[in-house]
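Accompanying notes for the structure given below.
As written, the chain order gives the labels A, B, C, D and E, with residue 1 at the start of each chain.
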Amino acid sequence: MNSTGTTRSPAFEARLKKRYAAERRFRLAGLGAILFSVAVLVFLLATMTFNGIGGFQRATLQVPVDFASVALNVPAGVSDTDAIVRALEGQGLADVVSFSAERALGKAAAGEINPQGWRIVAEKIAADPSLLQGRHVFELPVTESLAAALRGDGHRELQPLARSLEAKGQLATGFDSGFLARSDATDPQQVGIWGALKGSILTMIVTLALAFPIGVLAALYLEEYAPRNRWTDLIEVSINNLAAVPSIIFGLLGLALFLGLFPHMRSAPLIGGMTLALMTMPVIVIAGRNAIKAVPPSIRDGAMALGASPVQVVFHHVLPLALPGILTGTIIGMARALGETAPLLMIGMRAFVATPPGGFTDPATVLPVQIFLWSDEIDRGFVERTSAAIIVLLLFLLLMNGVAIYLRNKFEKKW
Amino acid sequence: ACGGGGTSEGTRDSVRAVGSSTVYPFAKVVAENFVRSNSGFASPIIESTGTGGGIELFCQGVGANTPDIANASRRMKASEFEKCQKNGVKDITEIQVGLDGIAFASKKGGIDMNLTPEIVYKALAANPYGKPQTAKTWKDVDPSLPAKPILVYGPPSTSGTRDALKELILSKGCDADAGMKALKDSDKDKHEQVCTEVRDDGAYVDQGEQDNLIVQKIESNPDAMGVFGYSYLEENLDQLNGLTMNGVEPTYDNIASFKYPGARPLFIYVKNAHLDAIRGLREFVGEWAKSWAKDGPLAKIGLVAATPEVEAKSAEAAKSFTPLSPTGLK
Amino acid sequence: MSPSLLLLLALGLGLTAWLAARARAWSFRRADPGVRLAALPGYHGWYVALWVLVPALLVALVWNAVMPQLVLQSVLADPAAASLPPFGMLRDSMLAEARAAATGAAPGVFNPAARALIEPFRAAIGRFEAIGLAALLVAAFAGGAWAFLRLKPDFAARTRVERAVMVALVLASLVAILTTLGIFISLVFETVRFFGMVSPIDFLFGTHWAPDPMARAEAVDPSRYGALPLFWGTIYIGAIIAMIVAIPLGLMSAIYLTQYASPRWRKWLKPALEILAGVPTVVYGYFAALTVAPLVRDVARSLGVANASSESALAAGLVMGIMIIPFVSSMADDSIAAVPQSMRDGSLAMGATTNETIRRVLVPAALPGIVAGVMLAVSRAIGETMIVVMAAGAAANLSANPLESMTTVTFQIVAMLTGEGSFDHPATLSAFALGFVLFLVTLTLNFIALRVVKRFREAYE
Amino acid sequence: MVTETNPSPEAKMRTRDVSVFYGAKQAVDSVSIDIHSEYVIAFIGPSGCGKSTFLRALNRMNDTIPGARVEGCIELDGEDIYRSKMDVVQLRARVGMVFQKPNPFPKSIYENIAYGPRIHGLAEGKSELDAIVEKSLRRAGLWDEVKDRLSDSGTALSGGQQQRLCIARAIAVQPEVILMDEPCSALDPIATARIEELIDELRGRYAIVIVTHSMQQAARVSQRTAFFHLGKMVEYGHTSDIFTNPREERTKDYITGRYG
Amino acid sequence: MVTETNPSPEAKMRTRDVSVFYGAKQAVDSVSIDIHSEYVIAFIGPSGCGKSTFLRALNRMNDTIPGARVEGCIELDGEDIYRSKMDVVQLRARVGMVFQKPNPFPKSIYENIAYGPRIHGLAEGKSELDAIVEKSLRRAGLWDEVKDRLSDSGTALSGGQQQRLCIARAIAVQPEVILMDEPCSALDPIATARIEELIDELRGRYAIVIVTHSMQQAARVSQRTAFFHLGKMVEYGHTSDIFTNPREERTKDYITGRYG
């Protein structure tokens, strides 16, 4: 063979140098791409964590209450917390608390205790009526103004008060475990994420329960069984196209179709979940089809030649091998669904719901909508709460994906 | 509880209100107080859909599937009222709950000037007085103003705040010109276009409904100006500076007394047919009446109380639920 | 009985049927060890279980739908109902209250007049629930018995069960068609209405977009409904700028992860990148508006573009590109990892460098997956609104300058639909028209893409 | 073109004028042949002459290749296997196949063998399944090499081991007809001997067709030989006749190539 | 264990005490051998004895198998190929390989062959490349069968054709050493003859190692033969000696198996 060179000619060596340079560049580019993406991620996570840490805390004042001097009593035979709280309210607990606070902290500080703070005292008493026997120190939430003053912003006038209370150890910020247990409220010191989180959990359950099986089955049908004709082309194109339909349009469809069928379920996680499922399904189908396509035909041949039926071939061999790819689709599809706001606005999941939903058909809101709403709250106390809510959302996302990621790593095989 | 099938029968155990995003924060507070002071009622569901979307839902008919209250940052339109009537929503109570002011603000220490509706109109209109817009800096609008570029962040055309901006500021500035006043009589549509269309060459930046973002953007840009509801200005007074209009500062009192030009009323519309059917609806409306006073909880978060006469009228409406008559609607 | 209890009951019956039928199939074999069953015992189990479950669930469904009506009829026939107000919402609410109290969903009634109805409700519900339960049991047993009696050693249970599976598969694929149809229908009527007010020509070819939802609906100015800048903005931000970011970053990340990084790193980095897809768009919006956009502006100014603004298509596109990296990277990663090892070996053994192997063998072989990932990414980018409005402003500009403010079709749809305008205003209706045209455009693009991908697919083995 | 002269009536499979096309390209041209349980048939012929294609037609594995099309008639126990009511699954369970390129499942060695018996319900309980796995592996001469690593992946075996695994997998379901596409090409003489023994052992009970490039092997294991050339079956007859006394010129040229 | 007795100084490749492990499992055990251009070496031995593994060690294709590890020393022209500065790309370009399972790229037949020359820049211009493609295909004996369908996919060929395609692909880059793992196992006698001719033709200029299960083939094409058993190289020597007069018992047992 007389060609320009062989593998040991100087020309080859020179070329080789270039190829290696290209290789290095390529590899660096890959590394750079990864590093860049990770850096952005880290930046986002770090800023959110930095901003959000404060959101998990709230300011409390130490209020000593001496019950011995007042005549409060828990009605005998009542064990329901609400009833006890109501009874104590009737006996003037609120005044007792504010009076004790005034005596211990001064009038100005007492005025900055959250007006609903006595409820905490009442609930504590309901849990342990023996508290009424003596003197106890309660940590009561403060108003947003004092909390802002403690942070160093907000109105100037309150800042000296905040500083002096802080110096005396009576005012402090601490971890607010209630943030994860309460629901939406108007006062940033009182808000919690549980309502939205529960709404998201319920919605995602519906979405996953619908989108995953339907998506996987549709992908299997299209890739493995469907005859290649106009009809399947139509299905294929419409699925690909659904992925490109802006999410708000799915909201319109949910509004017209699902709310048309179940008109009394506006704002319900069931409707939200169904709407998001329509949006997530195409992603799962597309990813799934690719994963299925990548399974080498020789594996199907082998199973088929053993007398496995087409359904067995698919469910015993193709599906397990395609599972990692299907799960990838599920992960990114569900991540998108979890972070989606626009379509949910159309079906009413943007509501102010102060109680967590009791079930799939109760009015609810979801994390991203809650975040969206909080981010536009007038009150500045919401800034940190918003970041805290974002952290909760991301943790939920990780948890949700965790199982899928574990399975994906487990099922990944080479052939 | 499973709501009994899709039959005409059905009810809700909670009040449902939809509508304006401006009224939304106030409605939330009212809802919260309502639950506290009336234990035994489920917490109302407040949804911010925008005034138009809210009235659309409100007017869909009578029944558990439709909202009980529409919050609005403008009066109901005659066409909307008709639609309500057509769908069987006959008796509607209109209650004015207070006022909102649209404020112009900039960063403390940033650009500062005394605005007038005319200046704003000349700076922001797409075709001021029918002529092409050429102003790049404030100085181009009025030689006494600083030579800083015009950059105003404001509400989108789909929002009630923008509607108020047009109605309360731009139209006034426009009508200051005699020619425009004449045009109003000869060609109404043309007049409306010339007077209310906002320039879209980047000097006016439509920022969605993200008012907090506007605040942040003007905080980081001393040359920029923002337009938003008065409550946002109040919350951020330590960073922002309200710009005077006709020499009047955007303060609570000036808005309440309509001295400041950018003040507009806020409403809620109640569906009378639901009053007996929905538990707590009357009480919820009553809670509004308890909250809207000058020293009430709503004022704390930026609602401007209406004049005492209006307040009295509203309180009366919240008790007697006299239906709205279409005369006077636009 | 609540629906979930019914469901559980049906499932329980199904499980019993499954066990019984399977045992029966085993007994065939035990009775005659020489016999070769036409299907595995498990399939016999599934066959009978399906025959129990499907009728039972159908009955439950139907009964759940008609029972409230039947209960209502019977309560209204009760003398206590005579005192009810005539038709209207109050009557409905009283009935509902009584029903809720009767089922225990509510502790008591709010309207005392409804109290008399509680008992009739309780009685009627009890009666009809019993009937429903009986019907369910009958259906389940009838189905089960019929199926059970058909079991024979040579009964082809597998074929039948698989036929049921195939039906499920076809139904699942039909969901896509139905959804497409649903979207089409929910858009088309309002679109036609809109085109009655603004001519399609003005809409599709006009270059000025400034609808005013507050203007009088009767005086439509068609010249303000030119959607061209929106479509351009959508393509420019979502399909050009974002892709210039996402494709190289995503593809190179995938390549690095599959070919260079150690499996341990890959195991952690791939899910880490996927977090990017789940960060709520508000966060990206603020990131774009407060970090990236000013940066873009300052860089542009320092490069001598004097009038660079804080709102630019570039900033929005960049951030959007980052958001959709995982769509490209994860899908490409999966497809590249799925190329058989022997392809890689073949190339490496020829003396190809890793990079040549990737570019010339692996990427072409994995192309369908990569293309699908990119298509998903573009789709996601087109649908994004929050980043657009926060970073690119909302001004509809028809310009090739990435430093100018722009807006997209999707943002305008969201703005119009969630805004203050009334729903019969052309501005609000324009959202439907925009959605409809976008739908048709993407449909066409997908048809073309289908053809192209079919052409270029490289099948291994 | 030849057809067998006296087709015995009890042929397990018979094909009549079978042609196979890949799109427009004809790979097999009017092949008619009878396959009996009494004797092993060897298909020989140059590379690309259509042996594998014809073999795949016999248990309808061609169905899986897009564009492949079969004409003519193929019968199994007198039933046309291409008729629409044919149960392809059962057909393939009855007509087993070993492919030219070994294709173990990416599962454990044990699972590779156990798969077939499991889906056909050939074993009751684990111990019976274990027995089938062991027996199949032993017959394929692989047991000693893999008995300690049954849970390793089937793809981590050497080429020859993979091929034997595929043979073991095929016989584990006890098909009635076994089609082997060059089963020994990757095997060393010892393993080859093992497989040839196996074939001998199975003959009589199962109908066996084997594609091979080795004349010696054809001579050793088969009783009938079919020679393919350019998609046609050029000659068919007793193996001894074909090798000692071919009727056709092309056959003679091929087998006297001295190579193999 | 044996080592060659008088290693000629100009050995193209030499290995010393090479062991290969898959994880904990040892697949090759201390093999020392010299590979010269003057003669073709055949590796024979039972399935799973480590022939492929050892072959892959010679051009570091083992690098791609996770968990595979090589000990000992392998030199090409006196340079240790496992030293860290070794240029693996050049190594593989110089030491070509044909795999046991044919693995054509999912590209056209033409592109399959042109791939190597193109990445190594061995051809200037299209016509030169065309010439290389044609020549390689001719040498592999495939040209006549595929000359009209060069743009068809390489995966749509028959098993034997795929294998010849892979051989053509390997020789198109003109390596100095060619490792062939059972190159003829899927080939019919005619094609086998073509490949054997090719090997003969290349001998002298290229060092050639061929793994085969066919004693006849080893006898025909090789001048030296190495017999592997259970990972060890049991015997190495002149082919004629090994076949007529093996020193080791195991070798004798294997080659007198009479099969092949």
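Following the convention adopted for this analysis, a residue touches a chain if its C-beta (ideal position, glycine included) is under 8 Å from a C-beta of that chain, and two chains touch if they have at least 3 such contacts.
By chain, with names taken from UniProt: A = Phosphate transport system permease protein PstA; C = Phosphate transport system permease protein; D, E = Phosphate import ATP-binding protein PstB.
Every value quoted in this text rests on a predicted model; they were computed, and no experiment measured them.
Which neighbours do subunit A and subunit E have in common?
Under the touch definition, subunit A and subunit E have C, D as mutual neighbours.
Chains touching subunit A and subunit C alike, please list them.
B, D, E
Return the chain label for which the distance between chain Cα mean and whole-protein Cα mean is smallest.
Taking the mean of all protein C-alpha atoms as reference, the closest chain is C.
Mind checking the centre-to-centre distance between subunit B and subunit C? Centres are C-alpha means, answer in whole Å.
35
At what distance in angstrom does the C-alpha mean of subunit E lie from that of subunit B?
82
So what's the Cα centroid distance for subunit D and subunit E, whole Å?
So the centre of subunit D lies 29 Å away from the centre of subunit E.
List the centre-to-centre spacing of subunit C and subunit D in whole Å, with centres computed as mean CA coordinates.
48
At least two partner chains per residue is the criterion; list those residues in subunit B.
Those would be 2, 6, 10, 49, 64, 210.
Residues touching two or more other chains, restricted to subunit E: which are they?
89-90, 93-94, 101, 119-120, 173, 175
In subunit A, what residues contact two or more other chains?
Residues 7, 19-20, 296-298, 309-310, 345, 375, 414-415 of subunit A each touch two or more of the other chains.
State which pairs of chains touch, listing all of them.
Applying the touch rule to all chain pairs gives A-B, A-C, A-D, A-E, B-C, C-D, C-E, D-E.
What does subunit C use to touch subunit E in their complex?
It comes out as residues 263, 340-353, 356, 360-361, 364-365, 458-461.
Which part of subunit A faces subunit C closely enough to touch in the complex?
7, 19-20, 22-23, 26-27, 29-34, 36-38, 40-41, 44-45, 48, 213-218, 220-222, 225-226, 233-253, 256-257, 278, 281-283, 285-287, 289-291, 293-298, 309-311, 324-325, 328-329, 331-332, 335-336, 338-339, 341-342, 345-346, 367-368, 371-372, 375, 386, 390, 393-394, 397-398, 401, 405, 409, 412, 414-415
Using the touch definition from the top, list the residues of subunit A that touch subunit E in their complex.
Subunit A reaches subunit E through residues 1, 3-8, 11-12, 15-16, 19-20.
With touch defined as at the start, can you tell me which subunit C residues reach subunit B in the complex?
Going through subunit C, the ones touching subunit B are 2-3, 64-65, 67-69, 72, 88-90, 92-93, 95-97, 99-100, 103, 105-106, 110, 210-217, 219, 221, 285-286, 289-290, 294, 309-311, 386, 389-390, 393-397, 404-405, 411, 415-425, 427-428.
Where on subunit E is subunit D touching in the complex?
Touch residues, subunit E against subunit D: 22, 44-48, 52-53, 100-102, 145, 156-161, 164, 181-182, 185-193, 196, 213-216, 254-255, 257-260.
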